[in-house]
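The following block contains the structure, expressed as structure tokens.
All chains are identified by letter, namely A, B, C, D and E, in their written order; residue positions are counted from 1 within each chain.
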Amino acid sequence: MDYAIVVTLEMIRAVAWLVLLSSGLAIIFGMMRVINFAHGEFLMLGGYTVVVTTNAGVNEWFAILVLAPLVVGLFGVLVERLVIRQLYGRLLDSLLATWGLSMLMIGGVTMIFGNTVQGVATPFGSLRIGGYQIPGYNFVLILFAALILTAVWVVLKFTRAGLIARATMQNPAMAEALGVRTSWVYMATFGIGSAVTGLAGGLLAPLTGVVPTMGASLVGQSFITVITGGAAVITGTLSSATLLGTISQGTTFWAGPVYGDAALLVAALVLLRLLPQGITGRIFKRSL
Amino acid sequence: MPLLEVKGLSAAYGLVPALHRVDFHADPGEVVGILGHNGMGKTTLMRAIMGFVKVTGGEILFDGQSILPASVNARARAGIGLVPQGREIFANLSVEENLQVGIATTGVDIAATVAEVLELFPRLKRLLDRRGGALSGGEQQLLSLARCLCRKPRLMLLDEPTEGIQPSINDEIAETLKVLTARGGITIVLVEQNLDFIAGLAGRVYAISNGVLDRQIPREQLTDPRAVSEFMGFVT
Amino acid sequence: QTETIKVGGLHDLTGALDMIGIPMNQVFQLAIKEINEAGGLLGRQVEGVIYDPQSNMSLYSQYATQMALRDRVAVVMGGITSASRETIRPIFHRYETLYFYNTQYEGGVCDRNEVTLGTTPAQTVARIIPYAMNLYGKKVYTVAADYNYGHITSAWVKRYVEENGGEVVATEFFPLDVAQFGSTISQIQAAKPDFVCSAMVGSSHLGFYRQWAAAGMKDQIPMISTVLGAGGNDQIMLTPAEGNGILSSFGYFEAVDNPVNKAFLERVKAEYPTNTPVVSEISECTYEGMMIWADAVREAGSIDRDAVRAVIAQGKTYDLPAGQVTIDPQTQHAIRDVYIAELTDQNFVIREAYPQSPPLDTQMVCDLIADPDANVHHEISL
Amino acid sequence: MTEVQTPDPGYRILRTRGLTMRFGGVTAVDNVDFDLRDGELRCLLGPNGAGKSTFFKCLTGQLVPTGGQVLFKERPITGMNTHEIVNQGIGIKTQVPNVFDGVSVYENVRLSARRKHTAPMAREVAEQTIEKCGITHLIRREVGQLAHGQRQLVELAMVLAASPELILLDEPAAGMTGDERDRLAQLVLTAARSAAVIVVEHDMAFIRQIAKFVTVFNRGAIFREAMIDDIMRDRAVQEIYLGKQADAIA
Amino acid sequence: MEKTVARDPGFWIMLAIGLAVMVLAPALLDMFMVLQITQYVVLSVFALSLGYIWGFGGILCFGQAAFFGLGGYTFAVAAISMGDTTVPLILSFLLPAAFGVVLGYFMFYGKLTDVYLGVVTMVVALIFWKLANHTAGPGYSIAGVRLGGFNGIPSIPTINIPGQPDAWLDPSQLFRFFMAVLVAVYIALRLLIASDFGRVSIGIRENETRAALLGYDIRRHKVIVFAIGSGIAGLSGAMWASYQAFIDPNAFSMEMSAKALVWVMAGGVGTLVGPIIGVIGLQWLTLQLGTMELLNSYVVLGAIMMVLVLALPRGLVPTVKVLALTGWTLWHSGRPGTKAAPGKAVGDD
């Protein structure tokens, strides 16, 4: 019984993990059709912001909830202005440029902070469930995954910003002709996506610690989650994270992490074969 | 003072010129028609006024002010609206959302504006929830027109607005546009192949040929296709 | 103006393993500097030829070839993972360039062209397992990185646990990029072992220690590791709350108490006052490698590979920071002092020392005296 | 297959039986029984959104009908893949031009001709068809850079170059001026001598030049089928479709 | 009217350069340089495989390394267990090509397009990568050859003369052989692209609907294109394994796939020379950066990639072509816009 609860909680946590990893990317890719290959490094930057500022004496929660999104969000705006801006509508070029950016960031962070930065402690202690103990921080992850999704939903649903962003993405020239300042839209979307990514990176830092190369293993997972989800940012991310998260975590419990990872990939493969436009390409089509 | 004044406008695609020293103007409330064969530069002219095509020479004055330095969206916000050739519907937005895009951030009463415009295009009313991309060709064309009108532009650039629209609705559109211009609120530059349509609306009509717009076609000639062809130059 | 003697340094300065490669390279350069300050070798200055293989095996192969054929270096120090060693070892063998591999590894290399200074499982695992079983109990749960090193090490763990009358309740392997360990931690809790033995490697796996601590397990089930502290920096990435109490075993820790080591660490500090490397076995062995090679060159009076090799194969004993080190002529591996240490506030405190431990595992499969032309990496079957 | 040759009144190059296409709640084509004789030129009229283009898409397999059957040369083709259907001898000009943007006009047409002919023949056919469509001066231009009307002609040339037995033209005259339209009408009439043709068009001036027997769609179903003059006079058709145009003709 | 391969001077120039390098390089350069360019040659074959399916088939594959690795592992296992390398080399083409057919069937008959296709290929490569990494345990061996997990398979034989397992090619012979393979692949692809099959591929790339409406079976066509690319990638993987004498899961890595993308992009999509130039330029650069340990090589490489994308968005070869063409036009017509008479129809040429 206890074990079942622990397993279930782990599964929910795995889903939350995927949601956190991929929300920012989903905003950027889903809205702008820009594959941000440096997404993993944006997460890394969020993590570094938390670790470095916390070690310098800043309150850990302040660092995670305010500084990480702020720093990464601003960095995102800068990147958009300097690089991404030139590359809209050119999916691959943006992929390549952001890939270059990813290397630049890895190298840059290594040069500034070296390879080792002491981690920060995981807040919240642990929680006892029968004979098991689980980190209380897990609940923080789950909470924030839910919060991020809700916030994005509210923005897209109840403000016109979402509409404008989607129109801009589909046909920027026509949106311009309707008076939309597309360059602002792009900048804001990219900035918000980056900020969400920064927040996620900040949240992950106490759990995994930070190293300059940490992004590499994260970007694949987030990318696959986003694409499997399909066009809709929220339902897409949520449905694919739920599906992939439970499948992979279930398999991990049952057969070990290698098979868990492999199961995630195979599940994504099968899903895309069945639903060539991702989950929300076919189901929940009209959702956000 | 004319609302739109195009002076000596030249434009090119790369090194290939497409417009040569085009001069014309449109006074407030006026409908100016432009006729021309395929590939003569009508669309290029419209896109140049809207700001999509790089201008290599000349001047465009809107309301007496040069708009050449302004971006496309700035021109749109200044009151220029384009109904482009090819409709350019936001395929994955619903019809209603398509109508809202242009006014989403302007602070006007969105619902009221949309409702007002829909009165002009009753056909669209029952399609509001449909995906833009799923509409039939004619329906898209109507949507494109309606979308432009939602912004209440002072100058409308219509690039073959009747293409793909059934005859009876064409008549209705002509009526609508007539009413709108008669009220004086709207000025129209109309590129059109449908002679009846242009004859019913336009005050002055020009012919464009190979990027050169230098002949005005007298109104009374418009009912005679042969005569019009002569003005436009026969197809080679 | 005599020509310099070139020595090659092939360590990952960027890429996944740079946190290990950078300190190795720093010590490598320090060794060259010391040799030159002492008048160089054979009246010539020594010059380091350093390439960065970027943790990429193709570049390893590339630069190894370049060092051997183009730069014609006298000796090469380098390689970290077994994969990188097995990439470059055949190249140096083919192009007759003496090669020092200075990393702790799974044992079994048998190649007269290679001198291997790092510890093998027979030297470390064989010591720490009985030590830990004595302290904590007989039920062991092993978690290991999913590659050769992890597999072989966990096989050794199992063998030594069983030899000492214990039981390995489970062994789990993790790909190097896995960073989430929630399910494993629950499973360990379910298995209730007396202690956990970790052969986890690399930065993603540090998350294991962190999540272990976050789950509040650190005070409930003790942990030992056959690899934490190998690279040098990993222990300072863990906060004291996460790392304190983990036992580890190597042929060198900074805490080794002898005058040679004290002086050595002071020179390291003097040379790198700002980004002082944490010296671990792997870096110290790199230093050893340079010193042993330099000594052999002096004695041979030449940098010729065969002459130098002949001297090294004599089985001399050297006084080095790690203590006394003897080259075993049978395997060209090091017979050395081995230590067990406990991580305490980001430093290893030595708990136990085992002087002059031989690489028994490799000795089982390799005899270069009998077969001088050997050129293989044996998988030591248990 | 011998009766194909005889002008058997029973033989129809195209038949649909109960053809239906639903998109969710929208029924775009509703239980249509449509017959076309070999060599016939048929005009298909109908209000916007009546289902004409959808009907074409069902015929060519771009959409798989939700109900009913399509018989081409008396053989069922429902549910087949587009290329299989097309290879039986159907060519279509779509409402929004579908052309190969990145390559030249010539290459576009040649690729179509090559489907039917040997390489040297294809070259010749392509050049002739381009000539026939009056776009020889554009032959080396990249199609993506052409004006709208020019692209329409390129697509038409592609359809003709494959010499299909059944030609479907969805609004071919859209965006054409008077004399261009006249020439297009001639082209269509010529083509109709060697193939069955269905033309969808809203341009009544064009329709008047080519139409004989006309089918009118409304709300997905066949509304009227009659000779053009009768259609033009039909009150109900005027009501739903023609508006004042009818007076102009009458 | 049509450009045939035989009438294209560019083709003959490329061929001449290829053959000249093949004959002369080993004689003129030292062994290290020969080994060095051998590497470029092998990777060029790999880049060509992607350059073909992407540039001329419109198939964007984010996981080209899946086939590269598959070819490499196939060759490694077969060559080690057979002793002779001839059959393994052929297998390393056939097996990945067959796998390409299967995967292509799965994708194209499932109507996958665009990024979704890219991601599926990427996922497949990742699965291979994961699985290959997972084969460290002693249980994983094929035909007696241990797969070795993360460490990979060492001691892979060099190419030998067919039927004579002991007659290994020395470095300069190996170079010549690989160069011959590259030239052969280049010629084959040029001919293929110029053939009707190749033109249809381009048509499909431009507009699938129209291609289908002309009666071309686009799914089957794409499967074939994809399989050819897969086979070539597999072959290059085998060459790579034999050149390096080892193969490890990195051959399947996302980095390897991405590198192929970068080479093709940098050189220019839609050309065959471009990918080759991309390989030479960027590999050389990576190498140089590793040699200077001054700056963190990531920083420099990353910056260069970004600059490349921003400055040469279409890739080197097409950009040079356009520049040359523009220069030529300018030189012939004086200043732009002034000379072309207004009366002359735009596009009347």
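In this section, contacts are C-beta pairs under 8 Å (C-beta built on N, C-alpha and C of every residue); 3 or more make two chains touch, one makes a residue touch a chain.
Bear in mind that the values here come from a model prediction, so they are computed numbers and not experimental data.
**Student:** With one step meaning two chains touch, work out the least steps from chain C to chain D.
**Tutor:** Contact-graph shortest path, chain C to chain D, evaluates to 2.
**Student:** When I count C-beta pairs in contact, which pair ends up with more: C-E or A-E?
**Tutor:** By the number of C-beta pairs in contact, the winner is A-E.
**Student:** Could you work out which chain's C-alpha centre is the most distant one from the centre of chain E?
**Tutor:** The chain farthest from chain E, judged by C-alpha centres, is B.
**Student:** I'd like the Å distance between the centres of chain A and chain C, where a centre is the mean of that chain's Cα atoms.
**Tutor:** Chain centroid spacing, chain A to chain C, equals 37 Å.
**Student:** If you average the CA atoms of chain B and of chain C, how far apart do the two points sit, in angstrom?
**Tutor:** Once rounded, the distance between the two centres reads 75 Å.
**Student:** Rounded to the nearest whole Å, what is the centre-to-centre distance of chain A and chain D, using the mean of the C-alpha atoms as each centre?
**Tutor:** Here chain A and chain D have centroids separated by 49 Å.
**Student:** So, what's the distance in Å between the C-alpha centres of chain E and chain D?
**Tutor:** Each chain reduced to its C-alpha mean, chain D and chain E end up 43 Å apart.
**Student:** Return the residues of chain E touching two or more other chains; collapse runs of consecutive numbers into ranges.
**Tutor:** Residues 130, 134, 296-298, 345, 347 of chain E each touch two or more of the other chains.
**Student:** Give me the residue numbers in chain A that touch at least two other chains, ranges are fine.
**Tutor:** Answer for chain A, listing residues that touch two or more other chains: 107, 110, 258, 261.
**Student:** Which residues does chain C have that touch at least 2 chains other than itself?
**Tutor:** 14, 146, 173, 175
**Student:** Would you pull the chain C residues touching chain A in the complex into a rising list?
**Tutor:** 14-16, 18-19, 22, 146, 172-175, 177-180, 182-187, 189-190, 203-204, 206-207, 210-211, 213-217, 220, 233-234, 236-239, 241-242, 275, 346
**Student:** Quick one: in the complex, what on chain B touches chain D?
**Tutor:** Contact set of chain B toward chain D: 13, 35-40, 43, 85-86, 123, 127, 130, 134-139, 141-142, 160, 163-172, 193-196, 225-226, 228-229, 232, 234-236.
**Student:** Would you pull the chain A residues touching chain B in the complex into a rising list?
**Tutor:** Residues 160, 163-164, 166-167, 170-171, 173-182, 231, 286.
**Student:** Going by the contact rule set out above, which residues of chain A touch chain C in the complex?
**Tutor:** The touching residues are 3, 6-7, 10, 13-14, 17, 107, 110, 114-122, 124-126, 131-135, 137-138, 206-209, 211, 213-214, 216-218, 249, 252-253, 256-258, 260-261.
**Student:** What residues of chain E sit close enough to touch chain C in their complex?
**Tutor:** Residues of chain E touching chain C: 30-32, 35-36, 39, 130, 133-134, 136-138, 146, 148-152, 154-155, 244-246, 248, 250, 286-287, 289-291, 293, 296-298.
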